[in-house]
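Each structure below is given as structure tokens.
One chain, chain A, links the two complexes that follow: it is found with chain B in the first and with chain C in the second.
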Partner chain A sequence: MKGGARFWSLSWPPLLVVCLLLIIWQVAVGLFSIPPYMLPSPVQVLQALVDEPSRLLAATGRTAMAMLVGFACSAIGGIVLGSCLTWVPLARRGVYPLTLILQMVPLVAIAPMLVVWFGWGIPSVIAAACIVSIFPVIASTLDGLQSVDPGLRELFRIYGAGKMRTWWMLGFPAALPNIFTGLRIAAGLAVIGAIVGEFVGSYGGDQAPLGSVITSALKQTRTDVVFAAIALAAALGFALFGLVNLLGWWLLRRWHTSVH
Partner chain B sequence: MGFRCLLLLLIAGLFGCRSEKETTTESTPGPMTVQVQLNWFPESEFGGLYEAEQNGWFKQAGLQVELLKGGPSVPAAQMVASGQVDFAVVSGPQLLTLRSQGAKVTAIFSTFQRNPRGIVVHQDSPYTSLDSLWKSSATVMGEDGLAFIKWLNREYGGQKLSFVPYTGSLAPFIGKKVDAMQCFATAEAVQLELEGVPNTVFLVADTGYNPYVTVIAVNDAFLEKHPERVSGFTSALRRGWESYLKSPAKTNQYMHGLNPDMTMEVLEKSSSRLPAFVESSDTQQHSIGWMTAQRWEELQQQLVELGQIDRQAAGKIGTPFLNPPGRDESQAGE
Partner chain C sequence: MEAGLAPGVELVGVSKRFDDSIDVVDRVDLTIPAGKFVVLLGPTGCGKTTILRMVGGLECPDEGEIRFTQSAPRTAFCFQEPRLLPWRNVRRNVGLPLELARHHELDEVVNDVLELVELTDAAERMPAALSGGMKMRTSLARALVSSPDLLLLDEPFGALDEVTRFRLDEDVARLVRGRDTTSLMVTHSISEAVFLADEVIVLSPRPAQVVERFQVDFGERLPQWRATPEFARLTSQVYEALRAGMGEPV
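For the complex of A and B:
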């Protein structure tokens, strides 16, 4: 199947479901006369996007920047930490359970502290995105590296390959499918982390990212703007997820069954 | 038909269908349970409500009142508009904005006659007025979506200012991480003073923006169904405020228990500052909580000019308030 046809065959079922849900939503709002401050219709949300495109797009750009940098930090940090933990069994037993804290501590509770440590603006938001999304990368890297075929590992040892060489030529490629599973989960979490970080740690006014737009619009009972900002945040999440999938496909396309 | 019923059930479930509770409370003897959603943590701004509740004056009016704590992320205005709660503490601008969107909510009591909202700076700050602050590139901790910030932006510029969110913590201001923050002259400014942080408050009211900033709003469906209960509520609340302003100690103690971050010292000092904002010639002539059509119309005009309310949608607002029973009952409703 050619690329375009394959893309279409994969895309139409979710697109159809989205269209159906939007139609049901629009009809329900009209049928039950739901006021816009409770639930705006999809048309009203679209109108909010059309009314203030430059403000919302600029906000999306700021959130995208924080999300991408936060995700990159968690991807690199997670792979490095996961690899280090595989090499040093004692560290794995001592440190790995502690990394769970990153997953368990509610971000809303520590977000104000991030502001104290990093100040307002993009550094706090990047930190929030990274903290929330790093654990799946650590866990998946660790799982992937530990699942390498012992026979192949033994082969590398017999040929005198060092730790780094074995990691680069055997462990890392073998762990890639697992790592990409972790990265896909991290992609969605990075958006959530960035938005929550922005609730408490970002500038408002002309420098507002999506999180600030949401809190500001809530205060003004502009629910249509809230939903428009949420839609843009979701679009960012989809875009990052797509990017990770594309990268995964490109790296694994020649040898792994998961991309065929 | 089945599909329509299913949708109705889903929406009722999502947004809270209150009809069953109302029917139950109406048919059973004894006080009717109502909920009041506060828009912030317990503090002296709600003194009259807690005073009336603690002294059983709501019960005498046939109401079992539950006061629900608020906070920065509690959408009190939307909750009363949707009928999730019967009453809520909201701001006048929020109430008008909601009414312009078709919401059925009415203000029945204004806690403040003079807007205590202001911008606080350190006493040794280089900013000596709102004008000098707003024309600078200072960092202000405040909710920039609020109408009064838009008002100040319009009056003084504000293009170079940076806004950071206000989540209720004074630490960034005390640590001078920000140059200024939004405040109530009766709350945050007092807390700062007692923390040993000398400060200066620039009142927004002095710039010509003086809305009824804290009003008790009722859901119109409740008001239409139980007008006598609402009237009883406002009478009890008025009594609560009159009593609280005279001797706030006991209720302050109670509120301190609910919100230990508000020390007794802060509550005492804060309540001593309230009369300057709660009382006015209107309250002397009528009663505490009194509102005038003129001031609501002025606010509506200001919000339209600020772009907070669409000019066409402003036509939907109608009469947004119903006065509490005054000393001269014939003047109620003005």
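For the complex of A and C:
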């Protein structure tokens, strides 16, 4: 099957479901006379997007930047930390449970502290996006590096490869399929982290990102704008997930069964 | 990479235990002459692979000593399974030892070896797209690319069909014999042992001890060698020694 045909065959079932849900939503709002402040109809949400495109797109851009930087930090930090934990068993036993605790602490609870530590605006939002998305990357890197074929490790030992070269030429490529599983999860979490971070630590007004747009629109009971912002945030997460998937496919396409 | 002088290897009273109780190798004395192709033959689980791994430095003997006539010989392994990196094509798998040794003329040396093992046309293929025989040939090429002083072969063709196995044995004979390399091979196959070896060492069931040694004084190992009465006679003698070592009536 050619690329376009394959893409279409994969895309049409979820698109059909989304279209059906939107139609049901639109009909339900009209049928039960649900007031817009309770639940706006899809057409009203679309109208909000059309009415304020520049404000919403600028907000999306700001959130996208924080999400991308946060995700990049969690990707690099997670791979580095996961690798270090593999090299030092004592650190793994000491630090790994702490990263688990970090995962268990609700982000909403620590987000105000991030504002105290990193200040208002972008830095605390980036920190929130990074903190919430780093754990899957650490866990998947650790998993991938620990499951490297012992026979291949032995081969590198025979040829006198040092720790760094073994990591770069064996551990890292062997762990890539696991790492990409972690990165896919992290991509979805990064946008959640960014939005929650913006709820607590972002500026409003002209500099407002999507999280601030949502909170200010809620105060004005502009639920159509709230839903429009949510849709844009979801689109951001979806786009990042797609990018990660594409990169994973490109890197693994020649050798790993997961992309065949 | 320049080849050095092939080392002789001597095992003196070497023993190896696993889990502190199971004797796998028991006070083995063994000499592997420099530049010779020696094959260890014995029943399954007798400790052949353990001896090979100890010679290669992958296991330490619990007792005894392994001496080399040359200090720090350049060692290469060819394992039972090809152990190829799935994300590297044939060329980059073969070049791995040189890359790890930061060799400068990597492409040139790799191309030469690929030609020797007749893999030039498959050089850009990934391991998943290779047959079992081609994977083992890639593994053999990787072992040869660094011009090892000591080549250790751990039943590399055991999982292949008979025809492919014969073909690869002929490749090994062509590529390894005549080089300045000491080779130690482990196998279950009597005909493979007699075809390749300068000397066949028959081992007893676990714990491994030397039962008998056979010198194979035959020149170039061409396929026709398998059809000679001398080959049949030696094969039969080795078989009898193997059965005697297992305590079976001959």
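Rule of thumb we're sticking to: the second predicted complex is superposed on the first by the 260 of 260 C-alpha atoms of A that agree within 3 Å, B and C clash if a C-alpha of one lies under 4 Å from a C-alpha of the other, contacts with A are read in each partner's own complex, and residues count from 1 in each chain.
We take it that a residue touches a chain if its C-beta (ideal position, glycine included) is under 8 Å from a C-beta of that chain, and two chains touch if they have at least 3 such contacts.
Everything quoted here is computed from the prediction, not taken from an experiment.
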Between chain B (first) and chain C (second), which, if any, makes contact with A:L170: first, second, both or neither?
-> second
Greater chain A contact set [chain C / chain B] = B
Could you look at A:T215 and tell me whether it touches chain B, chain C, both or neither (first, second, both, neither)?
-> first
Examine A:R254 and indicate which partner it touches, taking first as chain B and second as chain C; both and neither are also allowed.
-> second
Classify the contacts of A:V200 with the two partner chains as first (chain B alone), second (chain C alone), both, or neither.
-> first
Of all residues in chain A, which touch chain B in the complex?
-> 24, 28, 31-32, 34-39, 112, 115-116, 119-120, 199-208, 212, 215-221, 223
So, in the complex, the side of chain C touching chain A is made of residues 56-58, 75-77, 79, 81, 83, 85-87, 96-97, 99-101, 126-128, 146
Seen from chain B, its contact residues with chain A in the complex are 4, 7-8, 11, 15, 75, 77-78, 81-82, 94, 97-98, 101-103, 139, 143-147, 158-159, 161-165, 167, 169, 171-172, 177, 308
Residues of chain A that touch chain C when the two form their complex = 149, 151-152, 154-161, 165, 169-170, 173-174, 176, 254-256
